[in-house]
C-alpha cells in the first residue's frame, strides 16, 4: 500500500488521458468522448481507493509522497492528503465526469475539448494535493490555460472578453501571490506549507511590516480566485459565457481552489494577520453573500443567476472562516468547530449542488434552442416531470432544505458564526432568505405557470441526462440524511484546528 | 573544458566555408551552416558534460598577444559563461533552421550569421577586457549587414540605429576601460583590472561608463529605443539571435566586467539602475499592450524581460544574480521562439504583421502548429510555472525583495503586464475567429474561403521543438543550470560585490 | 671624410635606388618603348618602377638602424626605418593600383614622378636637421603637386593641383621662415636644439613665432584644421593613385618628420612641452570639423578627405603622447590608416575606370558588379572606422590608451581621447553609408555591368586588405619594433 503513489496517480491519470486523446484523435468523436469520460472517472475510482486507505482519526497528512526536486532552491515534490483535501478530491471525481456527460452533445472537436478538460481536472487535483509552493503554484497557474481555451473556443458570444478578463484578473492576483511567496522564501528559505505553518505562523519570522505585505499578496491571489467580494467582477461573465460543462467545473471545483487556499495557506501561515483583518474581511464576505443574492434576484439570464448564487454560497464558507479567525482564542470551541465543519462541508455540498444546477440550466438551454432567459420557459412540469423533479431537488438542496445536503452545512455555519459573531449571522440569514426567494422564483417561472413563448415542449430527460444528474442527487440525499459520512472525514481535522490549530 | 575555444574557431571556419559554398549553391551553404552551428553547440554540450562547477574562471587559453598594449589572448570560462555559450549554440542552431528559406545571397547571409555567432562565443569566453571588447565589436558589422540586406520593415533605418547605439555603447565601454587601465597601470586582464587600486570617485565614474555602455546593448530604459525598431527590421533568424543572445552580451558585460571591477561604483549607482530597470519593465510592457504590429509586441516584450535581468543584476545578491543569468538563458530561448513564430511561420506566409489584419484570419485552423507553438511560447513568456521563465523570475523577485521589497513589488506588476500583452497578441493573431457561433458549427462544414498556406516545413518544426524542449526542461529542472551558476558566484571577484544570503 | 661619404651613400641607398629607378623608367621608355602600344608601355614601366621600389625596400632593411649619419643630417633609428618601409610599401601599393585607375596620357612620366615623390618621402622619415628636412619636404611636395595635376582630361585635376601648390608654397614659406628663426635662436640646424627651443614653454616671443610657423606647415602637411582647406579639392580632383599616395605615404612621412622635430628636444625638466596645448587645440578642431562636415558629403572622395582631417586629429594625439609612449602607436596608426586609404582610393579608381562617378550612389551594387572590390572596400572602410579585428582598431586604441595614460581623463590629451572615442560613433555612421551602397543596395537599373579589375590592381588591393587583417590580428608585428 505505502509503495504505490496514489496521489500522483490521482493527479497524473487525467493528464495521461489527455495525451492519449491527442494521440488517438483521428479515431472519431465517439472514441474521444468515451476515453475522456473514462479517464475522468479515474479520479473517482482512485479517490475512493484513497478513501479506503484513509484514517480520519490520524493527525497530519496521509499517503504522503515526498521527493527532492531542486535542492538548490529548497523545492520538493511534496503531496499529502488530509480530510479536507480528500473531500475535495472526491468532489472533483463527482463533478468532472458529470460535466463531461453534460457536454456529450457538443460537436466541435470533441477530442480537444476532452483534452483541455482533463488537463484542467488534473491541475485542480494537483492544487488540492500539493504541499510545497512550487508544484502547488504550477498547478494553480496551469489550471488557467485550459480554462481560458475552453471558455474562448466553445463559449457564447461574449466569450472572448469573458475569458480574457478571467485570465487577467486571476493572473494579476497570482502575481501578488507570487510576490508574497517570494518574500516568504526570501526570509525563510523554504516553500513547504507544513514547515511554514509550524510555530504559529510567519509573523514573527518576517517581521513588521513585511509580514503584512506578504499576507496581503497571498490574500489577493486567493481572494480573486474564490472570488471574494469585491474581486468578483470576472465571475458572472465567465460562468455565463462558458459552455455548460465548463461552468459546472468552474463553479463546482475551481471556486473551491480559492477557498481551499484560504484554509491551507493563508490561515495557517498568517493567523495573526488574519485575526487582525478578520473584521473587515467578514464584512466583505457578508457583502458577497448578500450582494450576490440581491444580484441574483434581478437576473434575467439563468446562468448569470446561478453565477451570482455561487458567489453568495461560497462567501458563506469564507464568512465562517473569518468569524473563526476573528474570534481567535476567545471563540467557544463548540462554535469554532461548528463553523469550520460547516465551511468545509459547504465546499463539498455547494460544489455538488451548483454543478447539478448548471447542468439543469444546460439542459434547458438545449431545449430552448440556445435561450436561457428566466421568462423563456414555463410549465415544464407538465411536459417534463422528471426534469422538474430532479431540478427541483437540486434547487432545494441549494436552498438548504432539511433532508438534503445543503441544510447541514448552512446550519453548521450559521450555528458557528452565531456563536462567534452574532451580527454577521443575522446578515447571513438575510442572504439565505434572499437565496430562497430567487431559487423559488426560478422554479416557479420555469416549471410552473403557463407555457413560455420560448420552448419547453421538448422531451423529458434522456437517459444520459438522468445519468448526469443522478450521482449528484444521490450524494445530496446521502449527505443530507447521513451527514456523518462526510463529517466523519473532516471532524477530527476540524477538532484539531479548534483545539490547538492556527491561532494568533 | 579546453574544447570551448573551438566553438569560436569552428564557427569562423564555417563562416568562410559558407561564403565559398554559397557561390556554388544555396543548399550547400545552408547545410554547411547547419553543420557548423551543430558542431559549435555540440562542443559546448561536451564541455558542459565534463564541467566541474567551482568558483572562479577556469583558464582555457592564455598567451601573450600585444604586450606593448598590455593585451593578452586569454580565454576562460566558468559556470556562467558555460550557460551562455550553451544558449548561443542552441540559438544558433535554431536560427539556421529558421533561415532555411533564404534564397538571396545565401552564402553571404550564413557567413555573416556565423561571424556574428563567433563574435558572441568570443565575448562569453574572454577573460581579458580588451579581448572581450574586440569580440564585442566584431559582431557589429555583421549585425548591420544582416538587417540592412535581408530585413523587412524600414530595414536600413533600423540597422543603422541598432548599430550606432551598439557602437556608442561600446565607445563608452572603451572609454571606461582605458581610464581604468591608465589608473591601475596593469594590463587588461580582468583579474588585473579588478585588483586596482582606484579611488571611490574613480570607481563611480568608471562604473558609470562601463555599465552604461553595456547596458545600452542590454536595453536599459531609456536607451532601449534601438531594440524594437532594430528587431522588427531584422530578418527572423537575426531577430532571434539579436533579442535572444546579443542583448545578453550587454548584460553579460555588466556582470563580468562592470560589477566585479568597480564594486564601489555599483554601490553608488544601484538605486538608479534598479529604478531604470523597473521603469523599463513597466514602460515596455505598457507599450507592448497597444501595438498593432505583432513583431513590435515581441520586440517590446524583449525589452521588458531584459529589465528583469538588469533588476537582478542591480539587486546584487547571489540569488538575484543567479536568477538573472537563468533569465538570460530562458529569455534567449523564449524570444527565439516568439520571433520564429511571428516572423517565419506567420509573416512569411500571410505577409502581414498587423494584428488587425491577422484577426480576420482563422490562423488557429490554418496554421495549427504555429498556434500551438505560440501559445506555449506565450505561456513561457508570461512566466507560467512549468516553463523556464518562472524559476528565473521567481529568483529575481526573491533577490530583489532582499535588497528592496519595493522593487520586487513593482517588478511583479510587470509580470501581470506581460500576461496581458502576450494574451492580447495571441488572441488577436491566432484566435481572432475562434469561438464564433457563426463559425463552422459542425465539424466538416464548409470552411471560409481562405487559401491554405504552405505547410510548416521540417526545419521550422525542428527548430521550434528544440526551443520548446529547452524551455520546458529548464522550467522543470532549473537546477541543471543553477548547479553551474551558483558556484561561479562564489568566486572572490563576485563575492566582493555581492551581498546577501544564499539562494 | 671618405668614411663620411661612404656612410652617407649607404644611408641614402634606398632613395638612390628610387631615383635611379625613376631615371631608368624614363630612359627605358625613351630608348625602347616609344613605338610600342600604350598598354605594353604602361606595363613595362610599372614593372621597372616596382622593381626599383622592391630594391629600395631591400636596401632599407639592409642598412637598418645605424644612428646619426653625415654629421647629424640624417638619423636612421627605428622611427626612420619603420616609416621608410611604410612609405615604400605604400608606394608599391600606389603603383599597383595605377593600372586599375582611369588611364593617364603620360603614364611613364607619372610613374617617374611617383618614384621621385617616394624618394622625397623616404628622406623625410630620416631627416634630422632643418635643412635636410626642408629639402626632403620640398622634393616630396613638388612631386606631389605634379602628380595631382596629371589628369589632363579633367579640369578638377588642374584646379586641385593649383590649390595644392599655392597652399603648399605658402606653407613652405612659413616653414622656412620658422626654420630661420630657429637657426637664429639656437645657432644650429640640428633638430635637437630646435626641438629644445620649441619645447621650452616660455622661451620668448621669437620662439613662440617660430613654433607657430612650424605648426602651420605641419598642419598643412597633415591636413589638420584649420589648415585643411586644400584637402577636399585635392582628394577629389587628383587621379586616384595620386590621391592614394597623398592620403597615405605623404601623411605618414609628414607625421614622422614633425613628430621627430617636436620631440627632439626631449621633455624639458619632465614637464609637458610648450607646444602641447596648441597641438591639442589643432587636434580638437580637426576631430570636430572632420567628423561633422563629413556627415554632409555625398562625394565619396570628399568624404574621405574630411575623414582624413578627423583622423589627423586622432593622430595628433599620437604625436602629443609620443614622448611618453614612444612612436609606436603613432606609426602603427598612420601606417595602417595609410593602407586603408590607399585601398579605398584603389577601389574608387577602379570604379571610375568603369565609368562611375564619385558619388556614393555610384558605388551602388558593387557587390554584384565586382565582389572582389566590394569585399576589399568593406575591409578598408571598416578598418578606417576602427572595427576589430582590423588594424584600424588597434591603431586608434593604442593612441587613445597612450593619451589616457599621459594625463588621465581630465587632462588635454585624455579629454581629447574621450571626445575622439565619442566621435568614432559619428564616423561609423558615414562609413556605413558608403558600405550600404556598396554591399546592400542593388546595382542601378541603367548602368553598372561587371567591373574588370586588372591583375596588378587586384593583387595590390587584396594584399592591402590582407595586410590590414594580419596587422589587426598581430599588431605586435609593428608595435614590437618600438
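Letters A, B and C name the chains as they come in the text, with residue numbers starting at 1 for each one.
Everything below uses one rule, namely that a residue touches a chain if its C-beta (ideal position, glycine included) is under 8 Å from a C-beta of that chain, and two chains touch if they have at least 3 such contacts.
These numbers come from a predicted model, not from an experiment.
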By label order, what chains touch subunit A and subunit B together? none
Relative to subunit C, which chain has the most distant C-alpha mean position? A
Closest chain to the overall C-alpha centroid, by per-chain C-alpha centroid: which is it? B
Could you tell me the distance, in whole angstrom, between the mean C-alpha positions of subunit A and subunit B? 42
With chain centres defined as C-alpha means, what is the inter-centre distance between subunit B and subunit C in Å? 43
So, in whole Å, the Cα centroid of subunit A is separated from that of subunit C by 84
So in the complex, which bits of subunit A are touching subunit B? 29, 70-73, 107-109, 134, 137-138, 140-142, 145, 152-157, 159-160, 164, 167-168, 171-172, 175-176, 178-179, 182-183, 185-186, 189, 210, 213
Give the list of subunit B residues in touch with subunit C in this complex. 65-69, 108, 130, 133-135, 137-138, 140-141, 144-145, 148-149, 156, 160, 163-164, 167-168, 171, 174-175, 178-179, 181-183, 205
Note: in the complex, subunit C contacts subunit B through residues 328, 367, 378, 382, 387-389, 393-394, 397-398, 400-401, 404-405, 408-409, 414, 417-418, 421-422, 424-425, 428-429, 432, 435-436, 439-440, 475-476, 479-480, 482
Of all residues in subunit B, which touch subunit A in the complex? 319, 379, 382, 384-386, 390-391, 394-395, 397-399, 401-402, 405, 408-409, 412-413, 415-416, 419-420, 423-424, 427, 431, 434-435, 437, 440-443, 477-479, 482-483, 486, 501-503
